[in-house]
Structure formats: structure tokens, C-alpha cells
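Below are two complexes that have chain A in common, paired first with chain B and then with chain C.
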Partner chain A sequence: MKLTRRDFSKLAGTGILAAAAPGIFAPALAQNKPLRIGIIAPRSGAAGTAGECGIRAVQWAVERLNKDSGIAGRKIDLVIEEETNPKDTIERLRRLILQEKVDAIQGLISTGVSLGVAPVAEEEQALVVMWDGTTQDGVKEMLPNPKYVFRSTDNECEAVMGSLLAVKHFKGKFKRVAGINPDYSYGRNNWEAFRQILTRYGIEAEYVAEQWPKVGTMDLTSHIAALKAAKPDLIFSSMLFADLPVFMKQGHAAGLFDGVKMVLPAAGWQINQLKKEFTPEGIIFGHNTLYFDLPQASPLQKAFVQDYMDKYKEAPHWEADRAYFAMATYKAGVEAAQKAAGKWPTQEQVAEAIPGLEVESLGGKGRFRKDKIAEQVFYQGPSTNTNKYDFPTLASVDVFEASQLQKPPGADFWEWIKTAKMPV
Partner chain B sequence: MPSVDIASPAVPRAMPRVSGLWVLLALLAIMALLPFVASPYVLLLMLPFMGYGIALLGFNLLFGTTGLLSFGHAMFLGIGAYTAAALTSKFGVKSFELLLLAAALGSGLVSIVTGLLCVRYTRIFFGMLTLAFGMLFHSFLFKFYAVTGGDQGMRVLRPLLLGMEWRGGKTAFLTGPFYYYSLVLFALLGLAMWRITQSPFGLHLKAIRENAGKAAYVGVQIFRMRLAAFVISAVYGGIGGTILAVTTGLADPELAYWTHSGNLVFMAVLGGSGTFAGPAIGALVFVLLQDFVMSLTQYWRFVMGGVLVLLVVFLPQGLSGAVSLLFNRRNGGR
Partner chain C sequence: MTELVDVILGGTFHAAVLFLVAAGLQLVFGVQKLVNLACGSFYALGAYFGITAVGLALKLGLPPLLFFPVLILAGLAIGLVGLPIERVLRTIYRRDESYQLLLTFGFLLMFQDVFRYIWGATPRTMDNVYLVYGTANVLGVRVPTYNLLVIAASIAIAVGLGYFLERTKTGRIVRATAENRDMAEGLGVNASKIFALVFTVGCMLGTVGGALVVPSGAASLDMAVELVVESFAVVVIGGLGSMRGAIVGALIVGLMRAASISLMPEMEMLSVYLVVVLVLIVRPAGLFGKATA
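Our next item is the complex of A and B:
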């Protein structure tokens, strides 16, 4: 193509006009471009299946949004990076911000990783909505007043609820208690929360064994032998990675669960792997913020679970809900901020708009508090093997709001648990 | 007398032998010019490279020069990182020079204690002992929550460089003053390491690598030399770990985990442990390759594993070894 002087003058004139009046052209250009959302989630290792479940849910959400009008009229592109160790994940975060130039970032499951990532996101002024990973230790110290980082519900919520349901369903039926929990802050906090709640309800339990397998340990026979030797009436375990099905299988083979009551507040993460043949009934079984088989589920949840099970031939768990919730709150925040500003909002404006906005997630309604911690609905109950699946479902469903299980803004978790008004 | 044509070896063209020092200096020169052309993200990637590069200069004194392969060298990077974390976030010490000094002293002291046992052994026994100490240190970091923050690690606050506080965003700090500071540090430590390897001490180490028995026979003090190499390599590891920790803003137990030690070995093999600058080149290629492959596919570990297999089978001398081979062939050598 030959470019004449006249053509060149026209082009140059248009360019100068565009450069001189960015307020006129830039929003229109921005609105035409798809929104780029970065996702950071584990895709391998002990938390790989959880990360994949979240990614599938966010892809499902984006597909639906893009069929409609996207977010405030803009379609969405996902840029997915893997969550690994803190150092490498921080590098992936920086890649999303600086190289991929995403509009927001969602994801993250590990507390250890998220505590490293969050200050970097704050420094880079990048909006991050986390799926999971809010174990108490270190959150206050590392991120006292976040401006851009939104965290999930406290990870201890499921342990608080499981402990309350242990009181509700098993009080007076056990004396000797054993714990087997993952050897990191999540497992230690959950075990301590369980003990504190038993104490608050005046249950004088005898703690006969404590086992701390490292996450991902696939030979648990020595731990199982130690538990069996302690002859517990009740076993509490917040194991939730790929090692939980191994524990159940090996424990069943060793006869560990015969006549023993069990509390597994985070078992829902491994729902598809906990087969009936080695999982006894009557376990206090935690599904966190999404119970896939909820009888009174919303049309949104039913549509998602149907599509998910048809496509992947397995049940979704709470990480799907967390991923959906992150996208839904981001959408609500962008649209509210755009309405308020009358133009495409900055990340800061979106972050200011999100707290208090109630959205419908897969597992129910939820919102972010002013301190940027999520509030969602929790589901647990005694398990049954009488169902059409090859894994347990809930015989009855207990439903608690996060406000009943989670410390209020600014409170210390360990002080709160000693004095809070409990829902049981 | 009849003339007889006698086959003679090809006379090599008069090409200067490229020494490791020149390769390292060329690398440093490129790094110095990079901020004028590269994006902030690429510059951020260069910081782990410089951290690993320094650590690998030390690692290779032990591996390439002395012939001792450590599988627990990440421990010293962990010591450097946690020293920076403890000093900045617990004791309010922000001077980067003090952090470096403390990291060097800390890793040096630990290496004297562990080295007294480790360097009595060679080959797989040395490797296993260093691995054991590395895992002991990892367990300490992981289990002692009150001291180390357990699995959640410890935050590393932004340090002062030469007593000066740098305002502005973290990226601007890292890609500006901290980048050049690390580069100068890399250059100084590189020159120091070159001097060490060319010194009589370095020759002693090479003699030990080639044949410890013969070296001892001619008067080389095997144990002391190996211990000295171990301590120097640990000091380099501690300094490299400090740079890594400031870059990520966090010290976490994974830094001292055995897989991280494995990565160091990978980098050394990738670049070529037989040359002075090889491991530093390996660190650069590793950082860039991992970044590229991780963005390309979720199966990036397969790719990295495949690269390692291909290297061991086809390029046992690493990238620098392969380049040397090509260079020699072009010069008519074999």
C-alpha cells in the first residue's frame, strides 16, 4: 500500500488528536478491550485437585459472563499462572502485573504463599481477591490494613463449626480424644480451636494422642498405629489434601474407625476420593462453603453442579465456590465503581467499592467486610453412605453463617473463641 | 633423500582462549546495560539470577573445583534469607550491608560446624550428609513457629542501601538501586572467586579433586582445604539467599528444602560445572527457561525434567561446555 503525503497528514492528525484528548478516546478504547483477569492457583501437588476445581469454576463463570455482557460491558480473558512455593508464586504475581498487565488477580489457596504475595500486591497496588488461605497466624502482622487485597473467610471457620457439631451430635458419647492434623499452622490452629471449644462446653476430654503428619505424606501407617494404640472414642482431623483419602483407606484397613466417632471439618475437599468402602458413616463431614448435594440449593448452584458433574464426572467442592465468589464480587465491585465514577474505574476505586456488596455465589450469598475479609455460608453435618454416589453425602445439613463462626473485624481469634456467643 | 609426506595434526588457528573471567565480565556488562532496554519484569527476573549466580559461584568452588557435590546447599541460601528476615522485621536492622555481613557470618559459622563433619567424607556420603543437614535446617524452620513463622515464613522488609532510604514503589526500588547494587556485588564476588580459583589455594582444591591421595602425598592439607572451600561456598550461598529474600520480600522454609538444593545442582549442570562462569550462565538460563515454560504450559515440570535428562545424556559438560566444544572444533581442535 502506498502512503501518500495526504494520507500521512490525516493519520498524523488523528494521532495528535487522540494523544491530545485521552479523556475522550481512552475510556472507549479501554471498554473495547477484554478485561484481563489473572488467576493464580495450584495445578499439581497436594493441592492440585483443589486448584483445578477452582479454575474450572472460574472458567464456567467467565463463559457465562462472556455469553452475557461480561463485566460492565467488557468480555473477560483469563491468564492462568500456577501457585507453587512463595518465591516462585510472587514472581508469577509480578509477571501478571508487570508483563501481562492484568486488571485484577484472583486465586491463591495456601496461607503461606498468600502471606508472601499479599504485601507485594499492596506494594504494586494490584487488586487481588483470594479464594482461600486465611489461617490466622501472621495475617495481622503481615497485612494489618490491606487496601487492595481481599482475603477469604478465616480458615478456622470449618474447625469451629466441626467442633460445634461434635458438641451437638456427640456430647456425652466420648471421653478419649485423638487428633491427627497436618503439620503446619492450619492443622495446629484447627486442633487448638477444637480443644478450646470442647473446654468452653465443659467437655472434660482426655487427649490420648496427637499426630502431625507432614502434608502429602502417603504412608500413614505409623500414625495410624499410634492412634489405634491410644484407643480413642473420637478422632478429630483437619487433614484435607491428597493424604486424607490415604489416611481413611489405611485407617479402615487397620480397623481404626471401628466404634470411633470422627470429625473431619475439611473432608469436602477430597469428596471424590473418599469412597464408601473405606469411609464410615456418621462422620461430622465438612463441606465448607459449597455442599454440592444441598437439597434446597439455588438455581445457580444446581446449574453449576449439573454442568460440572456432566463435564468432569465428579462432584465440585468449596474451592469452586470460592473462585466463583471472587469473580462475582469483582464484577459487582467494578460495576458499582463504574456507576459511581461515571467512567471505567481504577483498581483503587473497585477495591473501595467491593466491601459490603452482597453477591450470590454458588454456595449462597456472601460479601466482603470492611476489613476485606469474606463472609460466606458454611455447610457440615453427619455423613451417610445411603446415596447414589460412590462417596458419602450428608444425612442432615447444618448451615451456619460466617458471622457465627468467624471473629469480628479487629478481634483476636484466640480471645474471641473464649468469649464468643456460639450458635450451638 | 626422498621427500615423505607425514600426516601432522592440524595447526590450531591462533585464537585466544576465552577465559571464564571474560565470559563473566561480558555477562555483567550486558546486565549493566539491560535496564536501558528491558522491561521492569525482565529486570526483576534478573535479581533471582544474580542471587543464584552468586550462590553458584560458591557452589561451584565446592563442586566444580573441589569435586564435592552438595545436596543441601540451599540451607545456606535459607540462612541468608532468614537472617535478612529476622534482622529487618524483628530487630529493625535495615542496613543492607549489615544484612550481608550477618548473612555471611551466619552461613559461615554454620558451615564450619557442619563442614567439620561433612568434609571428612566424599562422593555420595558427602552428598547425603549435606542433604541431612539441609533437611534438619528445613525442619527447624518449619517446626519452630515462634522463632521462624513456620510454614508462613518471615517477612523481609525493604533495606537501606549504603545507609540511604529509597522511596517510591517496590518495583522501582528493585529494578533501580537494588539491581545495580546486586550487580556490583555480583561483580566483586565474581572477581574474588576468580582470584580464589587461580590462587595456590585454588590449585590445591583442583589437585584434591583430581586425586586426593596424590595431593596429600605432596603436602596438600586435604581436610583444611576442603573445609575452607565449604565455608567460602556457604558464605556465597548466604549472600545469594539475602538477595533472593529481599527480592521476594519473604523468607520461607521452601528456600531451604532439598528441591531447592536440587535446583542449584540443575543450574550448575545446565551451565556447566567444569567452567568458571558456567554455573552463572546456568542460573540465567534456568531463571529465564522456568519463567517462559511456566507461562506456556501447566506441565512445565515435565519440560524442565526433560531438559535435565537431555543435558545429562547429550551435553554432560553443560551449555558452556557445548559452546567450548563448538569453539574448539571451529579452531580445528578435537
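Our next item is the complex of A and C:
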């Protein structure tokens, strides 16, 4: 067969088109495929309850989104991995990026793990929206200007709020103060923040005992004996794992709480375990960014809480909100970036679009600042046992914005706490 | 004065539970020369099973006041899991000690996944029964009656175990096997049966300990590992293989820890391990252990 010049041109043209086709049609094909989102969350150990609650919330969010139009028209598939120690979690992060080829990663609760994961995510140019993880060593920011990594509100926000409410509700009613806090930077910083705030408000407290049980200590009888011996009027505790209900149970049995005021800024994480029979009323009780029984809750929160309680027979706590917030923010970021670019956005474009976008989360409106740290709404108040549940709710709800409780970008926490304009 | 009583009671409660697990460890090592790292798993197993058993008993309409005997029975019943485990361990009795450590450590890790599979990753608590016995006043200190019951149960078990080993025929055979297995077998003792019995009793001590502690605390996946560490401190102080050593070691660890928490909380574990180091230097075999060449 003789090949004419015209035939050759036709063939060559077809060949070029065929070679170029994957490039030309790839975005269109990609948009038909579901988005793959990696979730990294603890499912066992001290933070297992929190991780489980977050996973349930993100599954609820994805179910709703997939019933609608997904994210920018694409359905969502979740790839769930476990958060354990930093080394193994980094391996799983790499697996999600390199093997599972996920479009984004959400999750992470432990700051100890997040500190290790964040630089790797930056190096791999992978978009990560953390639920509860920060990149602070204590209160010092270790990753000031990340490009791809979005962090939660500072962990000290709830302690700052709890301290302010202790001033608001208990000022003049206590003198002798004791603390029992988890023995790592979170517990130590919260206790110091509490003391600094009391000083700022001119409260001359006498600090009569400090206890630092290791996370997960389940026999606290000796710690309780030491606290009792100190005869405090007020106890501040930022315990938040399974040891908190144990402390309350053992403390109640030993008569530790008789006539003593309590400030528990992170108690909401253990809400279902803090039974009325051993939890006194009038505690400054922190729910962080989701109070499940908020009287003026949004329709979104009401729908979520209803579904959650029907399905799991327990109340959701703030980790659910953090997980929902991460997904809602990612959705808003993708859709804004797509609109701006006119095509499916890269992870870099999504990361650039997210800061400043306000989204509705379960606990209220929230956004990421330019330094990629979240700003959300916090709920705390004095507790009551007069309700239909077998655990306490809030007798009245105090609501603060993160901007009132969190140091501004680049600021030193300890300097800020001395000079900041406080909302109480 | 009341502060001191409070500290002593807190330390004794901790020692009571610690003794049960350490006694299981001691018994098994004393007779079988097996360092059983899985003893912490038996403790956790007792705790989880105790929650299930009490939940079931309450559902069946048993009065809450009876939950204490229910817990002891639950601990004893689930302790029978020692029998099949001993059958597996039998394969490595005559091998190097490192095999024993690896295999029992393997059991420790496997049990964690079993607990996760059956009871989930979330720590489990028993809400309604810890306070059912009310509180007692001991020398001006308010203390949960339940804590006193646990201390009493632990003393009773120690006395019962001592009686069994010292005064009964089976106890004498157990001691003879511990002294010289080959000689005992030469005299017609079925050492395999004795090993199965001893391992199961050791397992039961752990499971009863776990079942008794859980109403005041919680059952969690980490509890096995945490207790193993403290149990070994007890064993080093008391002397490997000695029951008297288990009692004294548990009391030293429990009271030392309670005193440190009260006086200098940062020294909680350091104080215990200072004693361990001191004992290892001055009396390497432990306070009641037999020195070996």
C-alpha cells in the first residue's frame, strides 16, 4: 500500500491527538472520579473516644454531601488510617499521599503527632486540615508559615476561657486553690495560664496543691488524698481523657468535692462518662467548640445531634465539630479555588483559597486565619444536673469567639496573656 | 493525722490490687520458672469481663449490693483462660528464657487486640456500683467502703494462698515441684498437671485483681502494660518467686507512691525506682528472694 502525504498527515494528526489526549481529558476524567480524602485519627488508647467521635462526624458529613452534589460536583470517598505515634503516623501519611493518592488529608488530634506530621506534609506538598492538632511546642509555634498545613485553634483556648469564667462566677468565693492536671505541656500550660489570669484579675489565691498524674492513670486515690489534705476551696483540672471520670468518681467517693468549686475546661470530651451520681453541680464545664445541648443551636447542629444520639445513644462532643469543620472548610476552599481558576484546582490553589473563608460548622461559624490557624466559637458555663440525661448539661452558656481567647498570629502566649483585652 | 491516714489508705488500696497481680507473677515464676509478661493482660481481661458480668447480673435483676461477689466470681471464671494458654506455653518450658519472654509478650500484644475486638477501643467504666456500699469513716477519714472491701479481699486471698501452699497436700506437691521438678516427677508427681494448676491460679489472681479494681477506675487497652511495669518493681523489691516478697513489695510500692504523690508529686515513679535500684545494689535477689549462683 502506498502512503500518500495526505494519508501521512492524517495519521500523524491522529497520533498527536492520541498522545495529547490523557493531558487534555485528564481534568474532565478526574472530575468524574470521586474525591479521595484521607482521614488520620486515633481509634484506640487515651484519645480513642475522641477519634471515634470525629470519624463518626466526618462520615455523617460525607453522607450528606454525597447525597447532594459532593464537593464541586465530585462525590467523596474516605480512606481512614489510624493515628498512633509520630513515626508510624508519618508512614501512614506518606502511604495516603503516595499510594492512595488522596486529594487531601484531614484529622490528627495529638499535637505530639501533628508536630512530626506537619513538616512531612509540607515537604510532600499535601494539603492537611487538622482536627485538633497544632504545631506548637508548648505554646511556641514551630511552623509559623506553612503553605499546606491548617492547624486547630490553640489548645490553651479552653483553659483561658475556663479561667475567665472562674473569675466571672467564683471571684471572692475562693482563696485556697489546687490543681490536678495531665503531666505534659497541655496540662502544665493550662495550669500556668489559669494562675496568670487569676493574677491579672487581682485574685490573691493561695496555691495549696499541684498534682500531675500521668495520662491514663486509673488509680487516683493517692492524688485525691493529697488534694484533700490541702483543703482547697477551688480545684482546677484540665484532665480530658478517661482519667477524668475516674478522678470524679474516686474524688466524689472520698468527699473531695464537698463545698469545693471546680473548673474543668476540657470536661466536654468525657461528657458521656461523667455521670450525675458522682459529678457535682456548678462546675465550670468546658465544651470547647461544640455544646450538644445548645438552646439556640443551628438547624445543622440540631440535625447532627439528633442523628448522632439516635444512632450511637450518646452525646457528641467537640471532636465532631472539628472533623465537620475540616471537611466544610475543604469544600469551601475547593469550590472557591475552582471558581477562581475555572478548572479543577491544585492542592496549592485550594490551600491559598481557604484562609478567610467563613464556613458553618456544627458549633457555629468558623474560619482559618492567614497563618492557617482556626478561629471557632467556644462554649462553657456552670453545670447543672437538672436535665433528661444521665450526665450534666450547662445551667447557662457563655459563648466566646476564639479571637478573644487565642493569641494573635506571631504573638508570644505569655506576653499576650498579660496584656490582652479579656472578654470578662 | 487524718492526712497521714488518707495517704496510707490510698497506698494500701493500690498495694492490694498490685499484690494480686504480682502474686500471680511470683507463683508462676516460683514453680514454673516462667517470667510471664502476659500477667498484665490477665489483669485487663478481669477488668473488662468484670464490667460485662456486673452489667449482665444487674440486667438479670440481681441486687446491686451483690456485685462484689459477682466480680470475684467473674474474675475466677475468666481466669480459667489460663488453662489453654498454659498448653501453648508448655512448648517452650525447656527452651531458653528469651523464648518465654517473647511468647508471653506476644500474648500481651494479642490480648490488646482481643480486647479491642470484643469491648472496643474506648475505655469502659462501671457507673453505678462503686458507691453502692457507701462510705466509711476510718480514723476521721472518709473512704469508700468498696476500697476497704478490696483491701480485705486481697488480705483474704493472701491468707488463703499461704494456707494452700503451706498446709494442703496439693500445696506441698506444688512446693516440691518448685524445688526440684525432676525429683518430684521421679516420685510420681504429674508435673504437667501441677504446672497447669499453678498457671491457672496465677492467671486467676490477675483476673480477680482486674475485676476488683474496675468499679473504681476504668478498663482500658493500656492498663495491661502499665501494671506489668509496676508488678516487676514489686517482684524486684520482694524477690522473684517469693509470695512474702509479693506482699511486702506491693506494700512498699503502694505506700511509697502514695507518700511521694502527697509530698512531692514529681517524684511519684522515681521514688519507687529508687527503691528498686537500692534493692538491686544491696540485695540483688530481693528482700525475700533466694540468691542464685
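The rule we apply is simple: the second predicted complex is superposed on the first by the 396 of 424 C-alpha atoms of A that agree within 3 Å, B and C clash if a C-alpha of one lies under 4 Å from a C-alpha of the other, contacts with A are read in each partner's own complex, and residues count from 1 in each chain.
FYI, a residue touches a chain if its C-beta (ideal position, glycine included) is under 8 Å from a C-beta of that chain, and two chains touch if they have at least 3 such contacts.
Please read these numbers as outputs of a predicted model, since none were measured by experiment.
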item	value
Touching partner for A:S383 - first (chain B), second (chain C), both, neither	neither
Partner chain(s) touched by A:A225 [first = chain B, second = chain C, both, neither]	second
Contacts of A:T279 with chain B and chain C, given as first, second, both or neither	neither
Touching partner for A:N189 - first (chain B), second (chain C), both, neither	neither
Which of chain B and chain C A:R43 touches, first, second, both or neither	both
Partner chain in contact with A:N85 - chain B first, chain C second, else both or neither	first
Chain B versus chain C as contact partner of A:G116, first or second or both or neither	first
Common interface residues of chain A - those touching chain B in one complex and chain C in the other	43-44
Of chain A, residues touching chain B in the complex	43-44, 80-82, 85-88, 90-92, 94-95, 98-99, 111-112, 115-116, 119-120, 123-125, 135, 137-138, 141-142, 183-185, 188
Chain A-facing residues of chain C, complex	2-3, 6-7, 9-11, 13-14, 17, 116, 121-123, 125, 127-128, 130-131, 135, 142-144, 146-147, 213, 216-218, 220-223, 226, 257-258, 261-262, 265-266
Chain A contact footprint on chain B (complex, rising order)	39-41, 44-45, 48, 142-143, 145, 149-153, 155, 169-171, 244, 248-250, 252, 254-255, 290-291, 294-295, 298, 300-301
Complex contact set, residues of chain A against chain C	43-46, 48-49, 52, 210-212, 216, 218-219, 221-226, 228-229, 242-243, 245-246, 249-250, 252-255, 273, 275, 277-278, 390
